[in-house]
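Note that the chains are named A, B, C, D and E in the order they appear, and that numbering of residues resets to 1 at the start of each chain.
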Amino acid sequence: MQTNSTILDVSGLCKKYGNTDVLRGVNLQVREGELACIIGPSGSGKSTMLRCCNLLESPTSGNIIAASHELMNPEIDINRMRQDVGMVFQQFNLYPHLSALNNVTLALRKVQNKSKDEAQDIAMQALDQVGLKNKAMSKPGELSGGQQQRVAIARAVALKPRIILFDEPTSALDPELVDDVLNVMCDLRKRGMTMVVVTHEMAFAHAAADKVIFMDEGVVVESGTAADIFERPREGRTQAFLARYANRMRQ
Amino acid sequence: MDAATGFLFTFFNIDVARQYADVIGKGTLITLSAGLAVIVTGIVLGTLLAIVRSLGCRPLSLLIVAFADIMRSLPPLVLLIILYFGLSEVGVPLSAFAVTWISLSLVLAAYAEESVWAGITSLPKGQMEAARSTGMKWWQTMRWVILPQGIRRAIPPLTNRVISITKNTALGSVVSLNEILNNAQGASSYSGNPTPLMMAAFAYVAIFLPLVIFSRWLERRWIQN
Amino acid sequence: NDAPLRTAVDATFAPHAMPKLGGGVQGFNVDLGEEIAKRLGRKIVVEAAEFSGLVPGLNSKRYDFLIAPVTVTPERSKSLLFTEGYLDTDYTFLGSAKSAPIENLEQLKGKTIAVNKGSNYEGWAKENAGKYGFRYDVYGTNADAVQAIQAGRADYNLAGTTVVAWAAKRNPALKTSYTIKTGLVWALAFRKDDKEGRTSVSNALKCMKKDGTVAKLAQKWFGFEPDATNAAVNITPGTGVPDMDGYDATPVTPTCS
Amino acid sequence: MENFIQGFFNLQVYGEVFPFLLNGLWTTIWLSAIVIPIGAISGLILAIGMTQKNSRLVYWLIIVYVDFFRAFPPLVLLILVYFGWPFLGIELNKLTAVVIAFGLNNASYYAEVFRAGLEGVSKGQMEAARSTGLNKRKALLYVVIPQAVRNVLPDLIGNSIEVVKLTTIASVVALPELLRAARDAQSIVYNPSPVMLAALMYLALLWPLTRWLGRLEHKRGQ
Amino acid sequence: MQTNSTILDVSGLCKKYGNTDVLRGVNLQVREGELACIIGPSGSGKSTMLRCCNLLESPTSGNIIAASHELMNPEIDINRMRQDVGMVFQQFNLYPHLSALNNVTLALRKVQNKSKDEAQDIAMQALDQVGLKNKAMSKPGELSGGQQQRVAIARAVALKPRIILFDEPTSALDPELVDDVLNVMCDLRKRGMTMVVVTHEMAFAHAAADKVIFMDEGVVVESGTAADIFERPREGRTQAFLARYANRMRQ
């Protein structure tokens, strides 16, 4: 895998809200096919960083190249770029007025201008991948949280993006439902999808990530393989964070 | 006369304005008092009806629902005309002011009843039970526990209605109520100049804009709480 | 000039102007308007509106002139231009058939009178209410003012003699009462600056008086033959209503085809 | 009492004027069918301008517009548009004048309704839609607006009922809607029964809607 | 304590909803100063029984004497009786528009016709008893669940009832907040208040109750001291219920 090319390249990324620096020079690379997990304390800027990567937030300065799009180029076609950079949210954000199927087909039809039949075929495939073919006609309100999040993943996957960003995809779920979603993500990875996942599920990061990135106070403090970060963290802050986490788990 | 002077001469004619200022002023007082009377009576009556409805006596409730439905389905102008001529045919010739006041109050009461009732029914049953379990009587519970919360919930949906119904005092002009519009129309056809209508427009905005702004403030305050 | 003449009536003023149940308006003034238009070689559109909206409508050029029966008064002459009168108009009281008719204005004391908003009857009531000690209410339409008597809200309606007679004839619960002789006439109203329009219509009106058309219309709608002094027959030497503002005393000889 | 029945429930008069009033009812219906969509769509546009806070200036202009027209009696507005605009060189026939006055007035009310609806749609919905590449217009159209409409459906219906009732004021410019027809008929027969008959027609037209609305509101309250 | 007189005497209490028998002859006695806990499976009629004891539900037949009031006497002054029989609810049911203080004073003023000053003195005492004197001016919305329930207890206590009924007072609370409320209840008992508590907190019932009543399917199956019921249950149903409970705790 080392030979794969870099698909997400963030360098010197800064973001201010008014006078507060939320991101203060973030650098990170993700290679094609990698599952990268971003961990770090609350408020460290993980979500902000991730949202900058598909321009849901606009960076104050720095550079981002995502799936070959230069995000800081003022002439970028944002909607074109977002076809290649998918996103899955903590709160699922499914469209409550549409069936699972139509949640997935909407962008296929209205952005990619696919025919109804073609869009439905693609959508059914994507729903099948997340194990929810049989719920295609259900409205989000009729699905469990875990099922909703899987539909949200299918919605992102169906557009055939080159990379998908996940912002705490399991934090809003009841504990019993977390595994279903993580399994789907592992599955995706096996099929070669590049993913960047902000998460508090350390066990998942440890077991599944190719790369783990630890952020604190708006910068990347340390990054490396899962084994590097979880078993031999070099930085004091990383060690402290992981210790606190382990402690909490034990209680 | 070019267009601009023509416009000024026609719509903002100082002489005409001066001549009819006091007529419009009197009309403004009538509109104000009718509006206030409608707001107070309508809301009080609507709240009372909601209370009676929550007694849970079926025939009474049905009557109230029928009342509310009819009042909400009839255009106020129609109601006004029917009450104005109808009441006096049955020997109760109320004044134009009284008829305007009553008919708009009935309409507002219908809406207020529905809103307050919705506010009351949206309260958890436990509120009534808790209060009763401390020995409070039904009406005491209603007065001190249920209504204060029900009315609070009724206010945001009601503000728009209060404004639009109160503005309908202008319809009183049709049944000879000497409110702003009636006086202005009379004055403008008498003088052959629409300046009094413009004065009326200003008077209406002066009366109702504060009401609109107040309602916005009220809504925001209520939502925050 | 192909554009139709645009004009309006208050269609609650039977028999001068009233709605047809099938739609549209009819009445003395409607016929009068159509006849004038025919003589000017134009089409005419007669719109129905509230009386108090007519003068504003005229001023805003929505209407070319008012075919509604506008009574010429000194106040109105200051802001409007009138043709000569086409009918004398006195004011008559309309009362309930059950009550005794009044014989003089002093009997109005303590009574309530219903009048049409913006009309000269409102003007009369306003001026005389104090003097004779009556109250008056103004209504958007004359029909409402008449309804007010039937509903027991008012004792009398004050309106033009022809109108009152019509109401009393159509409705047995009502009857005519005292008439105030006014010496006033009904005429067509124009905008103050529309001298040209007034001249041409005045001319047509003179011709219609001359050949008896106006008198025939009066016979048709009111059922009486106007005498020679009535404005329906009597042709004014100049243009407009004598002794009123806007009267152009230059003698005219009507040119009729 | 006898008088009252003769005056308000005169069956003979009812029979005589029924077809005439039916015409008026029809006018009321198509007039509503014109002014309701116009008001609703302009209201929606205003509401979008208010909630998608791109520019504070636009936001405040809309607020001023909405509050002004909520404060301004529609009857007075109609009279001004009908009789006043010709002085500005804009001459309107009755229908256009009514449609414009209603549009100005209704848009402000619908705007308030839609604003509440749009504010009730979570920000995440827009973000999710944008993140799949939908542009702003499409995201509003396919994702945000349908939910906003759903959120406030009862208020939309309620407001539309108000608009139908408001069409009665078109009678002052003699647009022959139902009330005008009834009043004309009244002036022919010298009897107020036609107005009563019109009231019954309004009830027949609007009562089912009011009932339905009551149901919807009740459901929402639960 | 054996010598204290009976203050709540329920005999042959039946309650039907339509055709379903919810209570089918309930018998139980509580003596003055006792803390009685009622336990039993969901749907066994515990709440219904409790609510009959202050006539929030009207019994179908049977007899109840509570604080010397004959509840089945048609001439009973219900509001007078409720002064003597207080109640605390699972959902607290505080009045959200009134401050904690006014929640407590309302009945004092409107039912007991006390002056404002006197009512406030009594209410402050009651709030002090539950440790919330400093929250007197807070609205319920500004209080945690545990604090709200303690205000609700103060509201009941302030009326100086002779007995207080509790319907699962801690079931709606986050685990960390349960103890505060149970402590307040233990405290009350030490001051001699008679209490009947429907609860699923077996540890509390075991430790604090003078008497434990086990209900199932609308009847009292077994009652006795806490030690009797928890350590030597006689009836099969009681044993089964407690076994299931112990089991669940272990998981």
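In the analysis below, a residue touches a chain if its C-beta (ideal position, glycine included) is under 8 Å from a C-beta of that chain, and two chains touch if they have at least 3 such contacts.
Computed from a predicted structure; not experimentally measured.
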item: Where chain B and chain E overlap in contact partners, by chain label; value: none
item: Touch-network distance, chain A to chain B, counted in steps; value: 2
item: B-C against A-D, pair bridged by the larger set of C-beta contacts; value: B-C
item: Taking each chain's C-alpha mean as its centre, the one farthest from chain D; value: E
item: CA centroid of chain C to CA centroid of chain D, Å; value: 37
item: Centre-of-Cα separation between chain E and chain C, whole angstrom; value: 85
item: Rounded Å distance, chain B centre to chain D centre (Cα mean); value: 18
item: Rounded Å distance, chain A centre to chain C centre (Cα mean); value: 82
item: Multi-partner residues of chain D (at least 2 other chains); value: 7, 79, 83-84, 87, 192
item: Multi-chain contact residues (two or more partners), chain C; value: 50, 53, 56, 59-60, 140, 147, 150-151
item: Full enumeration of touching chain pairs; value: A-D, B-C, B-D, B-E, C-D
item: Parts of chain B lying in touch with chain E, wherever the complex brings them together; value: 124, 126-127, 129-137, 140, 144-145, 148-149, 152
item: List of chain E residues in touch with chain B within their complex; value: 54, 56, 79-83, 86-87, 89, 91, 93-97, 106-107, 110-111, 152, 155-156, 159
item: For the chain B and chain C complex, residues of the former touching the latter; value: 1, 10, 84-86, 88-89, 91, 93, 96, 173-176, 178, 182, 185-186, 188-194, 197
item: Touching residues (chain side chain B, partner chain D) in the complex; value: 3, 6-7, 10-11, 65, 69-70, 72-79, 81-82, 85-86, 89-90, 114, 118, 121-122, 157, 160, 163-164, 167-168, 170-171, 181, 185, 194, 197-198, 200-201, 204-205, 208-209, 211-213, 216
item: Complex interface listing, chain D residues touching chain A; value: 122, 124-125, 127-135, 138, 142-143, 146-147, 150
